[in-house]
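Mind having a look at this structure? Questions to follow.
A, B, C, D, E and F are the chain letters, set down in written order, and residue numbers restart from 1 in every chain.
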Amino acid sequence: MSHPISRFPIPALAELPEDLRTRIEQVQAKAGFIPNVFLALAHRPDEFRAFFAYHDALMEKPGGLSKAEREMIVVTTSSANQCHYCVIAHGAILRVRAKNPHLADQVAVNYRKADITPRQRAMLDFALKVALQPYVIGDAEFETLKTHGFSQDDTWDIAAIAAFFAMSNRLANVSDMRPNDEFYALGRS
Amino acid sequence: MSHPISRFPIPALAELPEDLRTRIEQVQAKAGFIPNVFLALAHRPDEFRAFFAYHDALMEKPGGLSKAEREMIVVTTSSANQCHYCVIAHGAILRVRAKNPHLADQVAVNYRKADITPRQRAMLDFALKVALQPYVIGDAEFETLKTHGFSQDDTWDIAAIAAFFAMSNRLANVSDMRPNDEFYALGRS
Amino acid sequence: MSHPISRFPIPALAELPEDLRTRIEQVQAKAGFIPNVFLALAHRPDEFRAFFAYHDALMEKPGGLSKAEREMIVVTTSSANQCHYCVIAHGAILRVRAKNPHLADQVAVNYRKADITPRQRAMLDFALKVALQPYVIGDAEFETLKTHGFSQDDTWDIAAIAAFFAMSNRLANVSDMRPNDEFYALGRS
Amino acid sequence: MSHPISRFPIPALAELPEDLRTRIEQVQAKAGFIPNVFLALAHRPDEFRAFFAYHDALMEKPGGLSKAEREMIVVTTSSANQCHYCVIAHGAILRVRAKNPHLADQVAVNYRKADITPRQRAMLDFALKVALQPYVIGDAEFETLKTHGFSQDDTWDIAAIAAFFAMSNRLANVSDMRPNDEFYALGRS
Amino acid sequence: MSHPISRFPIPALAELPEDLRTRIEQVQAKAGFIPNVFLALAHRPDEFRAFFAYHDALMEKPGGLSKAEREMIVVTTSSANQCHYCVIAHGAILRVRAKNPHLADQVAVNYRKADITPRQRAMLDFALKVALQPYVIGDAEFETLKTHGFSQDDTWDIAAIAAFFAMSNRLANVSDMRPNDEFYALGRS
Amino acid sequence: MSHPISRFPIPALAELPEDLRTRIEQVQAKAGFIPNVFLALAHRPDEFRAFFAYHDALMEKPGGLSKAEREMIVVTTSSANQCHYCVIAHGAILRVRAKNPHLADQVAVNYRKADITPRQRAMLDFALKVALQPYVIGDAEFETLKTHGFSQDDTWDIAAIAAFFAMSNRLANVSDMRPNDEFYALGRS
């Protein structure tokens, strides 16, 4: 019953363009393993480069949202999209970044019942609307975020993270991308 | 940001009817802690008795579905109902009963991508339909289950478990019932 | 074109455990006929006992909701779940308990257009949310009910009745449970 | 808690154009009362004329569908649109035309569980798709109807009746149109 | 890949009843071509007569809504119903009547982002609710329209236009009715 | 009633990083105007670079899908997401690339009724599922595409384009991004 990493081809590391191999070796050195998303996207080097450049621009740069909050957006919206890879892998990252072993499972099941602040609740309400009903968003949603102290740049960040993972969740769902076993236990104790 | 166990009153153990207290002490002796659902329902002794009698009649008796399979039904349908308590608590029980640290997270996110057999996939397709669109169920669904070797009794069991947790998920969601911290880590290693 | 009572076996009364037979004879004596739900659940005596114990704990005990109001919750949510048995059978009970030949049909079609009080409208708004979107229920819904004078115990009752029939509707839909012909005309004049 | 017939004005019969008054007097003579839809549309004489001309062209003319079958389409789709007036009033007409006191309640709750023929089931499957998802209808739906013996003219009739009541249900829902009390009991014995 | 005008028969003009032929010749003289809806409905003369009588009673008479506003209602709701014929044909009419080459495309895609007044936004919010959720409409919706200056007659007009095209969209979707090529370019410069 | 290009800041061209300005000047030289998406994303240079690198990797490279077919995917899924900018702008590009003035409007309203081949219909069925229900995609969808002659690489391309515009549609909807007036008329004659 075990699945391959993806429905699509996984190139050998040795055959990858230099810059992809370097990037993959760096993440492996840091994490101790190669997260499967790096292997699953490697058959399309240009898309790989754009994907991770975009990812880093949203998830790694300084900004008004903490890194744990960004991962909360990822886990909440990826769960709404029923994305196996993203909920498991980013659930692990959220546990690590929030130093909280329960939060990822809570927002994956129902963020409305999670141990979060009202400000974070407003952030996730907005992110979920971006994920599921982006066409209704208007002045009212911007006003609510402002009330909770989010700047215009923060608002863009929430929307852009939810939008980027709207893409990512679809790629992972179509390719049947599998999370590494390591992710399940990471950050739980 | 920490929540109480429930929006509704939690009676002191000492004030409970004898049979409820006995039941609670038994589960505590076995599990090492009192699962919060026992406390959250105790303010209504008659409903408590019926709830656990029903639960045990479906989940503990012998039958064609393994105990792990029954928990797979619970976790899959409870996730569709976004039930915080049931996904976390029964996710733990599923890990223990299946002796598998990954399966619960997999079926909670998207059972279609989980490491399960085609027979289990058919079981969960049916259970989810019971949870979300019970009114469309007809001959076609019964035929499919028969093809996968489920007996008439198994079919009732799948339906009855999904139906019982349709109730349970609603009680837990309305009362904001909280899982014990112990459940998050149980069965993960 | 006539259907059997259920897709599942109907045991002969003579073969039933003593307590089930007694319960069935009592209801028959009172109603003049045996409502089919008693026969359709009898093949599972433990579940039968728990089901009716639970039912009675919610529907027969004293409380802040009138018995007619409880049946209004049943008919409204059972109609949303398109449950043939429950709408027809409890529609009849509602007509009898409310001494009103129109109310059951009204709430079955669209409770928002029914001849009910604003308090009952709030009760049914909440019950329908329990039936269809239990995961979104939070402080706002509790506040609204309080505004209309519902106590905490009343709120539990509304939720528990909607939750119990979420289960019941699913059992009846899966088993193709048929209402007795007697129910259609009961309480209409 | 009693409602007026409509949110919109009800002109006095004496003030109506001659042809409307004649039509209304004819229906009153036949039915023994004036169905409220005639009063609720009378404030717009041109729309009244077009509405009933359209209605009669679909519901009264000869054709491959029996008059009872046409009313089954009306009740099934009107229930999906939660139209108080149409389900109650046309439920009565269906009982009378089918000489069956149960059928209207059955198709109103869940036509998939009703005592109907497979051909009627296919007719109502199609009608419901016209009511709820008209944009997906294509070759497959036409083929299915042909298999059940429906002619091209019958197919148009099913679609046109479902479409006409899509309009009618919306007018009745917006205007809060009330069925006459007489309809509830008609044809029940 | 070219489609016929309709799945249903198109009678020859010469075989049509006098009044239908006259009506069709009038519209041809005015528009320069025969809009296909006139041909697609002609196989049912009584329905044809009622359809266009109804249409004209709503779309051509004087009233509080401008003719361009009526067409905005048509295009917005027809787009929600994914009606090929109605969006293309009435999009053209809207461009002509509003003397605006962009408005039709805007409301067809997402009226919430269109260059319209707050009053028109409220009108379209209401029309879309009539199209998609007529059963929830109640006092709140009427109050909102009143706030924006709509009279009771205007409210009826909005609802009746949305309701009439709920019918029309269904007929066009089922019959695969094709817009004339002329409509695509009309009013664009 | 005219809107700004975006809810977010539009930097002056002179203040942009060299590579962004060059890219923008190139597209302006080619198109005769600056499509607003280039301006609306410019306040975030790293995201701008990743966005257009990704876009070009999917939309400009050689492959099994024609450029017109790629734009058909964009318009169909962007319409399902009600994305004002993307439907108008990519509708124009589709008209130009397909040398067909009608196709864009057809797939925007209802691709099931458009003048396309069965192979293109299968492509758009899949793309829409990626857009709206990515979590259900499995073996059946892959088999259908194979039957229509799509290679594994084509399948990835369809999915990746639908996924990329899932992101793009969300950014445009949140930022209220406006298409240039030029797009409305492009490719219509």
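Methods note: a contact is a pair of C-beta atoms (placed from the backbone, for glycine too) under 8 Å apart; a residue touches a chain by one contact, two chains touch by 3 or more.
Values in this document were obtained by computation on a predicted structure and should not be read as measured data.
J.: According to the touch definition, list the chains common to the neighbour sets of chain B and chain D.
T.: C, F
J.: If you walk from chain to touching chain, how few steps can bring you from chain C to chain E?
T.: Each step joins two touching chains, and the minimum needed here is 1.
J.: At the interface of chain A with chain F, does the proportion of residue numbers present on both copies reach over half, so same, or stay under half, so different?
T.: Shared-number fraction above one half, so same.
J.: Most remote chain relative to chain C, going by C-alpha centroids?
T.: F
J.: Which of these pairs, C-E, D-E or B-D, matches A-F in more than half of the residue pairs in contact?
T.: D-E
J.: Counting only Cα atoms for the centres, state how far chain B is from chain C in Å.
T.: 23
J.: Would you mind pulling out the distance in Å between where the CA atoms of chain A average out and where those of chain C do?
T.: Chain centroid spacing, chain A to chain C, equals 44 Å.
J.: Could you grab the centroid distance between chain B and chain E? Build each centroid from C-alpha atoms only and quote it in angstrom.
T.: Computed value for the inter-centroid distance: 51 Å.
J.: Give the residues of chain F that touch two or more other chains, as numbers and ranges in rising order.
T.: Correct list: 82-83, 110, 135, 138, 173, 176.
J.: Which pairs of chains touch one another in this structure?
T.: Pairs of chains that touch one another: A-B, A-C, A-E, A-F, B-C, B-D, B-F, C-D, C-E, D-E, D-F, E-F.
J.: Can you check the complex and tell me which residues of chain D touch chain E?
T.: The contact residues of chain D facing chain E are 7-9, 44, 46-47, 49-51, 53-54, 56-58, 61, 81-83, 130-131, 134-135, 137-138, 142, 152, 155-156, 159-160, 162-164, 166-171, 173-176.
J.: Provide the residue numbers of chain B that touch chain D in the complex, in ascending order.
T.: Within the complex, chain B contacts chain D at residues 135-136, 138.
J.: Any idea which chain D residues touch chain B in the complex?
T.: Against chain B, chain D makes touches at 110, 112.
J.: Looking at the complex, which residues from chain E come into contact with chain F?
T.: 1-3, 79, 82-84, 87-88, 91, 101-102, 105-106, 108-110, 113-117, 173, 176, 181, 184-185, 188-189
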